[in-house]
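Both complexes shown next keep chain A, but they swap its partner, so chain B is in the first and chain C is in the second.
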Partner chain A sequence: MSRTFSGRTRRWRVAVALGAAAALGLSGCGLNEGNSSSGEGSGGDAVLRVGTTTDVSNFNPLQSLSKTDSWILNAMYPHLLRIDENAKKAPELAKEYTYTDGGKTAVFTLRDDFTWTDGKPVVAEDVKFSAESIMKYKLGNVAAKLTWVTSIEAPDATTVKFHLSQPYAPFAEGVGFWMSIVPKHIFEGAGDLSKFANDSNWVGAGPFVLESATKGQRYVMKRNDRYPLAPGGKPAVGKVEFRLYPDVNTMMLALRNGDIDLMGTPVPASAAKTFANDSKIKLAKVGALGFAHLTYNMNNKDLARQEVRQALSMAVDTKSIISSVLQGDAREMSGPISPIFADYDNTEIQPYPFDPAGAKAKLAAAGYKDGDGDGLFDGLDLGVACDQSNANITRVVQLFRESAAKAGIKLTNECVERNTFLSRTKDGEYDIDASQWGVFDNPMDQLRSTYLSSNPGGINYNLLKSPEIDRLIDDAAGTTDPAAFATKIKNIDKVVHEQAYLTPLYVENFQFAYNASKFTGFVASPSDLLGMVTAYSLAQVKPVG
Partner chain B sequence: MARFVLNRALKAVLTVWIAITATFFLLRLLPGDPTTLMVEGDMTPEMRAALLKTYGLDRPLLEQYVSYLRELLHGNFGISFRQIQPVSDILLDRLPWTLLLAGVAFLLTIAVGIPIGVYAAAHRGRWPDRLLQGFGIAGHALFVPSVAMLLLVWLGARLGWFPIGGAIDPDTRGLAAYLSLAHHLVLPVASLVLVQLGPYALTLRTNLIDVLGEDYIRAARARGLSGRRRLWKHGLRNAILPALTLMGLQLGTLVGGAVLTETVFAYPGVGRLIYEAVGQRDYPVLQGAFIMLAITVVVANALTDLLYAVLNPRIRL
Partner chain C sequence: MSAPLVTEAEAAATAPATEPAVGTRSAWRTFFRQPSGLLAAAVLVVMVLLAVFAPLIADEPGGTSPDVLRSPSGGHLFGTDDLGQDIFAQVVWGTRTSLLIGVAASLIAIVLGTAIGLASAYFRRVDAVGTVVTDVMLALPTLPLMIMLAAIVNPSVWTLTVIIGVFAWPEVARLIRSQGLVVSAMPYIDGARVLGASGWRIVTREILPAVVPLIVVSVLLTASRAVISEAGLSFLGLGDPDAWSWGRILLNAQRSGVVAIAWWQTLFPSLAILLLVLAATVAGMRFNDIRDPRRNGG
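Presenting the complex of A and B:
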C-alpha cells in the first residue's frame, strides 16, 4: 500500500514539474525578444512609452487603413503636409504647393533636408513612386484622392507635379495630408505592393523608425538622428515604445501606475475626472475633425419631406445632449461644416431651436394627424439606427426618442452591433442614421462624400440625388481661388441647413492624458486619429528636467 | 482499448469538421464583410470589389468552402486579410500565451478545488461548508472581466503588488524574465480561478457527500478504516469522476474566459487576437483560431475520457 502511495506521489511530482516546465517553455518564445531599452533614461536615452489599443495590422503605409497603425507608420514615413493645432494644413516634407494651368496642375516643392535612415535623401522620385503605386494597385483610401491624376512628373529632386483631368480645389491638401511617402529604392524591389507586408528592416524618414515589433506586446521605435522638423535636427527622446492595452480602462491604470507616459487613445469624457487628483497627469484637449449627426434617408416617404426633417431637427435638444452625455465637452454646430474649419463655417446660419411644440405645429401644418389622440402623429413611425458600441451616440438616441415623442414623432431605437450597423447603413436599410463622422481633413471632401449623388466615398447616407447639390458641389470643387471657394462652400452649407438633410449634433472634444512629470512639449492636433501621436508631436517631445 | 481510441479519434475528427463548417458559414452569415469597417475611408465600389477579389470573397460561398477545406488538409490556414501573414504563424505566436494562462488556471483550479471540496464535505453544514456554498454560487454569477478589473484596480493600481497588463517585462532576461512572467501571470490566472474554483469545489463536495453515504463507505468504517482514509481513498476516488468530466467540459469555458481576461490584462494570447479579428472581420484568423480552440477542447475531452477510464476500474476499454 505504502509503496503504491509513494509511487503515486512521485508521479504527481513529476507531472507538476513537467507541467511547470512545459508552461514556462511554451512561453519561451516571448522571453528572449531581441532588443533592450532602458525605459527610464533621461535626455537622449529617454524612452517615451505610449499606450495603443491594437497590434499593427499592416506595416505597409500605402495600404494600411487602421488608425492605430497610422500612429506608428506616420512617425516613420513622412507626408507632404500635416494638420496643425488649428486644423490647417502646415508644411511637412513639402515646403509649399501651388496650382498652375488653371488649377489642372498641382506643384509641390519639397524640402531638401529629409533623409531616409539608410542615408539616402528623400527626393521627388519617392513621392512620384508612392503616388503611382497607390494608383496602380488601388491602395488604401488615398487611391480615391488621386482619381483626377492623369500623370505625375518629378522634373528635379525637390519638385513634384500632379497633372489633373480637371481642377479640384482641395486636391493638394487631401493628397498632401493622407499620402505616406515611401522609399522608392526599398519598395520598388517588392513587386506587387498590395501584397508587400513590409514587416522588417524598416527604412523611414520620419522622426522615429521601427526597431522591433513583438506582436501582442510592444513596438519599439528608435530615433532618426536626422529629422529636420525636430528642434536641433533630431528628436529629444531616444526611443518611442508603443505598448498594447486593448481595454481603455487598463490603459488609464497603466498611465497612473507609470507603466506608460501617454495614452494614444482619448480618455472617455466620463472618465476624465478620475485624473483630477493626480498631479502628474495632465490632459490636453483638442477638437474633432468629424462630428456627430442625425442623417435622414431620403428614400423614406416621410423623411423625403423637408418639413419632417426640419421638425426632427427642432425635436433634438443638442444643448442638453452636450451637457448630459458629454459633460459639456463638445461644441454645438449650426450647419453641416464643423466650426473647426473656421474659414468655411457659415456663421450666419442659426441652429434649429429646440422647440417640440413648434415641431408639432409644423407637422400638423404639413398634414399629419393624431387621429387616435395618443399624442403621436399617425403613421409617423421612424427607426433610428446606430452603433451600440458608441456609448455616447446610444445615449443620444435615447434622449432623441424622448424629445421627439413630445413633438408627436414616434422613434424606435435600432442600435445594433457595429458591423451590422455599418452594413445596414451601406445598404440604406435605415430611416435615421445616428453616427459620428471620423475624420474629414477638408470641407470639400466632406461635402462630396456625403451629398454627391454619385456617392464617391460610399457615405452619402441621405441617399440624396439632388441635381442642385451636385451642381453646387462640382462648381465649388473646380474653384481654385481661395476666397471664391470659401464663399461657395458656405453657400452649400446654407442650402444643406435649410433642407435639413442632416441635423448636426456636436463636435466632440478629445482629451489626451500624459505624464507631465516626465515629458513635455507634445503638440496636440484635432481628432482621435492625430491627437498627440503625430510625427511632428513626437519630434517635439522632450523629457522633463 | 485500440477500438475505443479509434472510435474516439473518429468522433474527434467529426467534431472538428463540424466546428470548421459551422465557423466558416456562421462568420459569413454575420452582417458586413471585411470591407465594411473601411466605410469611412474614401472607398469606391471599384476599390471594394478589388479588395473582395483579393480576399477571395467574390467567389460563390460553396466554392470558397471547398477551397478552404482543401487548403486546410494541406495544413494551410490561409492568409490574414489585415496582417497579410500566414494565419498559422500568427496563431503560433499567440498560442503559447493562452495555453500558459488557461493551463495554469486549469491546474490550479484542480489543485486547490479538490482539498477545498473534500474539506467542505468532511465538515458538512459547518462554516467552511457554508462558505464554499456561497463562494460556489457566487462563482456562477461572477463575470470574468468584472473580477479581472477589480483585481487590477485593487491589487495592481492601489496596492501596486502586480503589474498593470502585459505578459512579461520585455527588458528582463534569464531568471528575471521567468519571475516577471510569473508575476504578470498572477492576476489573469486569479481572475479565471476565482470564477471556476467555487463551482468546481462545490460539485466535488456534493458528489463526495453522496458517496460518503454509500454502503461501501459504511462497510469501510465497519472494517475500522480511519475517517481520513475513507474520505481520501475511498470517497474521493469515486466522487472525483463527475468533477473530472465537469473540468473537461469547463476547459471550453476557461478558454472562452481567457478571451475576456486577455483583453482586460492586455495579455498577448489567442483570446485577444480573436477580440481584434472579430472587429476587423478577419475571417481567416477567426477560422484558424476557432479551429485551434476546437481541437484543444476536443483533445482535452478525449484525454478526460481516457483518464476517466483509468481512474474508474468499472470501465474497461
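Presenting the complex of A and C:
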C-alpha cells in the first residue's frame, strides 16, 4: 500500500469528503418515498427488498469491501467455501479440498455445474486467474492470505492446485472463504484490475446478478436461472432489491410499514422491543465472528507497561456492560481467541476481574503517584478513540471512562466521526482503540493480522513489535498436526492475556428482523457481515404462500 | 441558518439621536411591561439557574441502571434512556453545555463582528476589504464547513465554541457596519474630527456607544443560533463526547434506534432547545422594539 499522503493531508481530504457528503445528505432526504414497486407478487416474480445503511462504494470484488459491497458482490461472485450457520466452513464452488506434499500443496476440487450468466461455465482457470490477479496487484485483504503461494496450477476444469512455500494450516480455509472468483473472460480484458471499476454489464455466477444501481437509493439484482445451490436449481425469488436507509430508526419503521422485507443490518439490542407487538416481524439471532475490544497502543510510554494494561483491564466492568449496553445478549471473553473457536479457546484463563481498588494498588506499586490528591494518578492521562457512529462502543467508552476514574486513571473520550476515526487508526494516532472486529474466519489468521510485527493484515492496532510473539505465531503457523496446532494457539491466547495487549469486551449476538408473513427460508450465518444476506441464504429464501 | 431578524433598513432607521430620549431605565421598564418580554426573560433566567445549579438539581448522569427505557413517571420525570440513565438529569446538565457554548460563541461573534463592522463603517480603506470578506463569509455554506472543521479538530466544548463563533460574526459585522455608517455621517462625528479626535477615539468613544443597543440584540439572536448549531453538530456526532448536551441526548436516541419506542428521549431535549431559542429570539425582538422610535411615538 502506498502512503502518498501524510496524516494531515488525509484528514483534510476526509473532512472535505465529509462536508460534501453532508451537503448532499441534506438534499438526499426522503429518497425512499413514493416507491411503487412492492414485495407482493406471485411465485417466481417475488421481489425481496432488503434495507441497508450504506451505498456500494466499490463494485470490484477483488478489492477490499464494505458491508453493502460484500452483500451484493458475494451474491454475484462465488467463493470456494462459505461459512454455514454453525460457523464452520461448508462447500460452495469447491466440493472439497485436500493438502498434499506434506501440507505444501492445497488442492481444491470444484463443482462442474456453476455457470456465468453469459452462458460460459465456471472453471478452474477462473479461480487461478482471480488468485493470480490478487497477487499481482496486491488487492484487498486476500493478498495477505496468498503470501505463501509460489505458483497455481489448473490441470483440468475442476481442479486447482496452490503450491505453497511452506505449510500453512488454515490456508485453504482463509482463501476459500474470502476470495471472490471472477470471470476470467471478462476481467482479463479490463487491464489494471486495481483500477477496474466493474460498474456496469455485470456477469456473475452467484444466485443474483446486479441489474441496476442507483446511488443513494437502490440496487436491484435479478435472479440467475442456473444456480446449483438453490433448491430446484434456481432461486425462488425473482429479484432482490437493496434499499438505502442511512438511519436505523427509519429502516425499522420501513420494515414495520412493509416498505422492506428484511433489515440487512442488525437491530440494536436496545431497540429489539420495537417489534415486540408485531406478529408479522420475526427476529433471527446469530452469533458473532468477531468481538469488541480495547486495544492498547504499545508506542505510548504508559501503555507499554504490562502493569498499566492489566490495571486498565481490571477497570472495565465487562459484566455490567454486557447486561446494560447489550441487554445481556453477549458472551464474555478472556483472551484474544473468541469462544466461537471452541477448539482453540484456552478455557484455563479467566477474564481480569473488575476491581478498581486492585487496579489502583497495582498502579501505586508500579510507581504511579497521586501528588495533588485529586484521586487520579499524576501524568496518567489516556485517550480512548472510537467510532462515534457505533452505538454500543460509544456507550462502552462512556462507562469505561467512569469506572477507570475509580481506579485513578484519567481517560479522555475521543470518539469521533467514523472517517476521522479510521484515518487516525491507520496513522496510529490513539492511545487506546475501542472498536469491534468484524469477521475472523480462523484464529491463526486473526493472530497473524493482529500481533505480527510485520503487520500483514494492517490491523495490528497494538503496533506491537515483539520478537517473542512473532516467534510463537510463526511456529504455530507452520504446524500441520491439528492437536499440536491447537495447543500452540491456546498458548498464544494465554501469553497475550497475561500481557494484556488487549481487553476483550464481549462477543455479541446479532438479531435480524424480517417480515415472516412474506418470506421464509433464510439461512442465517454468524456475524453482522454475513447474517441473512449471504449468497447461500438468498438462494434458499422463498415467498410465503 | 436563519437570517438576522433585525434588517439593515430597520437598523438604519433607528437613529441614535433618539436613544437618549428612551432612557435606559425606562427602556427596561417598557421591555418588562410586555408579557412576552417578561416571559422570555423569565425563561432565560430559569435556564441560567438550571445551568449554574445543575449539580444541586440532579446528579451527573452516569453508570447504568436496570430501569431501561422507562416512560416519564414520578421517579424519572422525563423517563430513562437505553442505559437506564435519567433523561431529566441529562437535560439539566445539557443546559450547561448549550448555554455555555451559546454565550461564549456569541461573544466571539460579537467581538469580531463589532470590531470589523465599526472599522468598516469609519475607515474607508478597511471597508473595501472588510465588506468583501464579510460577503464571502456570508455566502459560504456554513453548516458543511462547520461539520468539516469539527471533524478535523478534536471535539471539545472549546473547539465547538470557537468554530461556531467564527462562523457567526459576518451577520453581526454587516448589521453593525450599516448602523455605524449612519452614525459616522452625523454632524457630531464631524465635530469630533474637527476638534482633533483620533480615529480610534471616534470609533470607540463616539460610534460604539451609539450601536450598543444593536449589539445587545445581536448577542441574543446570535446566541440562539449558536445553541442550534451546537445541537446540530452534537447530533451529527461532532460534539464533545464527554459533555452532556441536548444534541447528544438526541444522538443517543437516534444511534440506539429507540426513536420510535422512546418518544421521551427526543421530546424533552427538543423542547429545551425550542424554549431556549424561542426565549432568546423573543427577548431580542422585544428589546429591538423598544428602541424603535415608530413604536415609541418618537
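Definition applied: the second predicted complex is superposed on the first by the 501 of 545 C-alpha atoms of A that agree within 3 Å, B and C clash if a C-alpha of one lies under 4 Å from a C-alpha of the other, contacts with A are read in each partner's own complex, and residues count from 1 in each chain.
Note that in this section a contact is a pair of C-beta atoms (placed from the backbone, for glycine too) under 8 Å apart; a residue touches a chain by one contact, two chains touch by 3 or more.
Since the structure is predicted, the reported quantities are computational estimates derived from the model, not experimental observations.
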item: Chain B versus chain C as contact partner of A:A304, first or second or both or neither; value: neither
item: First (chain B), second (chain C), both or neither touched by A:V248; value: second
item: Contacts of A:A365 with chain B and chain C, given as first, second, both or neither; value: neither
item: Which of chain B and chain C A:V544 touches, first, second, both or neither; value: neither
item: Which superposed partner A:A342 touches (first chain B, second chain C, both, neither); value: neither
item: Winner by number of chain A residues touched, once chain B and chain C are compared; value: B
item: First, second, both or neither for A:A484, with chain B first and chain C second; value: neither
item: Touching partner for A:A357 - first (chain B), second (chain C), both, neither; value: neither
item: Which superposed partner A:T420 touches (first chain B, second chain C, both, neither); value: both
item: Chain A residues contacted in one complex by chain B, in the other by chain C; value: 16, 19, 23, 26, 247, 249, 253, 417, 419-420
item: Interfacial residue positions of chain C with respect to chain A in the complex; value: 62-65, 68-69, 82-84, 141, 143-145, 147-152, 154-155, 236-238, 241-242, 252, 254-261
item: Touch list for chain A against partner chain C, complex; value: 11-12, 14-16, 18-20, 22-23, 26, 247-249, 252-253, 267-268, 270-271, 273-274, 320, 323-325, 327, 388-389, 391, 394-395, 397-399, 401-402, 412-417, 419-420
item: Interfacial residue positions of chain A with respect to chain B in the complex; value: 16, 19, 23-24, 26-33, 36-39, 54-55, 57-58, 60, 65-66, 138, 140-141, 143-145, 194-197, 199, 214-218, 243-247, 249-250, 253-254, 256-257, 259, 417-420, 422-426, 437-439, 445, 449, 456-459
item: Complex contact set, residues of chain B against chain A; value: 30-33, 36-48, 50, 54, 82-85, 90, 93-94, 96-97, 99-100, 103-104, 107, 149, 152-153, 156-157, 160, 163-168, 170-171, 173, 177-178, 181, 263-266, 268-269, 272-273, 275-276, 279-281
